[in-house]
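Input: structures, listed below.
Shared between the two complexes below is chain A, which has chain B as its partner in the first and chain C in the second.
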Partner chain A sequence: MSRSYDSRTTIFSPEGRLYQVEYALEAINHAGVALGIVAKDGIVLAAEKKVTSKLLEQEESAEKLYHIGDNMLCAVAGLTADANILINYARRVGQQYLQTFNEEMPCEQLVRRVCDLKQGYTQYGGLRPFGVSFLYAGWDHIRGYQLFQSNPSGNYGSWQANSIGGNSTSVQSLMRQEYKDDINLDEASAMAVKFLSKTLDSNSLTHEKIEFATITKDTTKNKMVCKIWKSDEINEVLNKYQETQRQS
Partner chain B sequence: MESLLAVQGQDFVLTASSSSAVRGITVLKPDDDKSQILNSHNLMLYCGEAGDTTNFAEYIAANISLYTLRHNLNLSPEATASFTRKQLATSLRSRKPYQVNILLAGYETNLGKPELFWLDYLATCVRVPYACQGYSSFYCLSIFDRYYKPDLTIDEAVRIMKLCFDELKKRMPIDFKGFICKVVDKDGIREINI
Partner chain C sequence: MSIMEYNGGSCVAMAGKNCVAIASDLRLGVQSISLTNNFPKVFAMGDKTYLGLTGLATDVQTLYELFRYKVNLYKFREERQIQPKTFANLVSSTLYEKRFGPYFSFPVVAGVSNDNTPFICGFDSIGCIDFAEDFIVSGTATEQLYGMCESVYEPNLEPDDLFETISQALLNAQDRDCISGWGCVVYVITADKCIKRLVKGRQD
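Right, the complex of A and B next:
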């Protein structure tokens, strides 16, 4: 019986559910985990890089972390191909705003624009929803550092710490126990490594298995710095973490 | 034959716009206000082709208040100026461009400083400490050059404005029917009598 409702994106089931949207959310649960933590002086994003085959060329560039503008980064969980479309859209919207108003687009406005597009695919017929959740990390002069989470339904929320993708519930429960709101960026990065190492199956983390990005302010230049980390920088944090583990 | 003047002081912008509405050789109205309030701290003075001016000013005002409504956020003077410039630039490349020249006076509430922008129908946009639009610039810019300083108080700015009005009366063959003067500062926009 349910088949007559779940094959169309835009039709409610008798229980008032949109099956296609729920299936899209399910698709995200198969993706690697990504998490974000807001600190006093920045935000850290980290993501699990799933190694599918030894033969696959390990790209130096990140697969799940992207620049959106000068003040914004995002982490992806779900279908990367769908994400590319949305990231392209977000970048274009951000640059159009910059061209019109000569200032960076406030984070929430950009997040809302992308979510409006996602929402459209839950309502207009014949198309499937985007199978992507995002974590956006950004800074603007209105509300400072902000972390947003969005999903295929077009909902978004602002968070201090959150995670998306498979295993995200276990990361979230760790976050609830350990998050403090007066940490600095280094402590947040250490926390991110800890959460990842506790939730990923493998016993030792390497730079091939995770991706890292931070957004912070360069106080000397008075400019925001969005950085996706290189592998040696990731190794540095990992080594530091393993050092503290050994001591305790 | 219209005239717009504005000068930025230490914590305000003082603006003046001629109050005559003229068509050809006829004065249609002696109390025409050539300004449009865009939001609580942004005031736009406009002159140029009759019809284009009011239409364009209302278009910008509507869009700025739509932005405020949508995002619960006031656009800064610089963002407002950039937006207006962008609209003029788009219009310039259309079949019939708006022929509007603008002075935009604003107060940046976050930084606590006044800002003044000069724009013309070719979509030039410059931040300036004092500005004129129309023929009056031939007479008044020199007065501003002579008396302007960055830490002007409102009384000093009013005095400079009066010098400008006197000069225009003395040297120009046009009666502007007086000026409507407004102040933009931290408290918003208000009209004053000079």
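Right, the complex of A and C next:
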């Protein structure tokens, strides 16, 4: 019955559903998990790196965390190829704003612009929607540290902590139990490691399996620092976590 | 009257031993009328890559904004800073895109590469690169700067000596040019740091 509706992105089914959008959301549920936590003095983003084969060359750079502005990072869940198109778009939009107004683009505006593009693919026919969800972590003068989540339908929301991708529901329930709103960045990072280690099926985490990024303020230079962590820095946090696990 | 001499301004870059320096005057005017003494013409394009822009002030600002855009996109994509040599080619190709309606600016690039080699170069308004081992001059005091640089420059200077040399070259050159001057800004770039100094000059 649904056959005749699900190949067209812009046609509602009799039950009022857009099947292609739902299939896109399904694609994201097969991706590795990514999570973000807002702290008082920064934001942490973490993602699971799926190791498909040991023959595959291990890339030093992150596959799921990207810079999109001097004050903004994002984490990806879904089709990486689709994500690259959107990330390119987001970077250009941010830089065009900087060129015209000589100040960094407010985070929510940038998120909305990308979501407008995504929404278009659910309404104008002929093409499939982007199969990606994003977690945006950013800082601006208007609202300080912010975390946004977006999905293929073009919806977005602002969160204190959230996750996307496969396993995201179990991460979210852990977050509901453990999140406090007065934590600092170190505590948030420790929390991110904990959530990942509880939801990933492997028993020991390594830098090959996860990616890490933070936004915080460098108080000496009075400048925001967006950093995607190197493998030795990730190992340091993991070691610290395993240390505390052993003690308790 | 040439459009290149409408607002006035000069820039100079010098290479030393594992270091480079780039300096510009601070004046902005309309022909002989000075408007401000706080208009630097040197811009950071990376930790160790700097761009000097002389010529028509509106094009100086536009080019700075354009290169900031391009360099930021490069930085996000590559997850590293742009190298001076790469940036020089970016400047060249960007200027040549406007071959038949050029920006009225003669840029200067100075920087230290990842392997600590100093790099300086200059351009004409349509992007022809002038690679140099010693110094590059640009702007309305070009002739005076050539004279100063050819007499005070010596190769393999240490950062402090390079600062003294470039400051003296620029200050004395701009004193002999009506539409450059009002102090200068000097950047000395070494492998591990970059020092920015404001040098007070004649205020007349």
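Methods note: the second predicted complex is superposed on the first by the 248 of 248 C-alpha atoms of A that agree within 3 Å, B and C clash if a C-alpha of one lies under 4 Å from a C-alpha of the other, contacts with A are read in each partner's own complex, and residues count from 1 in each chain.
One rule holds in what follows: contacts are C-beta pairs under 8 Å (C-beta built on N, C-alpha and C of every residue); 3 or more make two chains touch, one makes a residue touch a chain.
These numbers were taken from a predicted model, which means no experiment stands behind them.
Of the two partner chains, chain C is the only one touched by A:Arg91; chain B is not. The partner of chain A that touches more of its residues, comparing chain B with chain C, is C. Shared-chain residue A:Glu178: touches no atom of chain B or chain C.
Legend: residue contacts after superposition of the two complexes on their common chain; A:Gln99 is shown touching both chain B and chain C.
Look at A:His141: by the touch rule set out above, it reaches chain B but stays clear of chain C.
In the superposition on chain A, contact of A:Gln109 is made with chain B only, not with chain C. Shared contact residues of chain A, touching chain B in one structure and chain C in the other: 99, 102.
Within the complex formed with chain C, the residues of chain A that make contact are 61, 66-70, 91-92, 95-96, 98-99, 102, 228.
Considering their complex, residues 65-66, 68-69, 72-73, 75-77, 79 of chain C touch chain A.
Against chain B, the residues of chain A that register as touching in their complex are 99-103, 106, 109, 141-142. The part of chain B that touches chain A in the complex is made up of residues 71, 73, 75-76, 78-79, 82-83, 86, 110.
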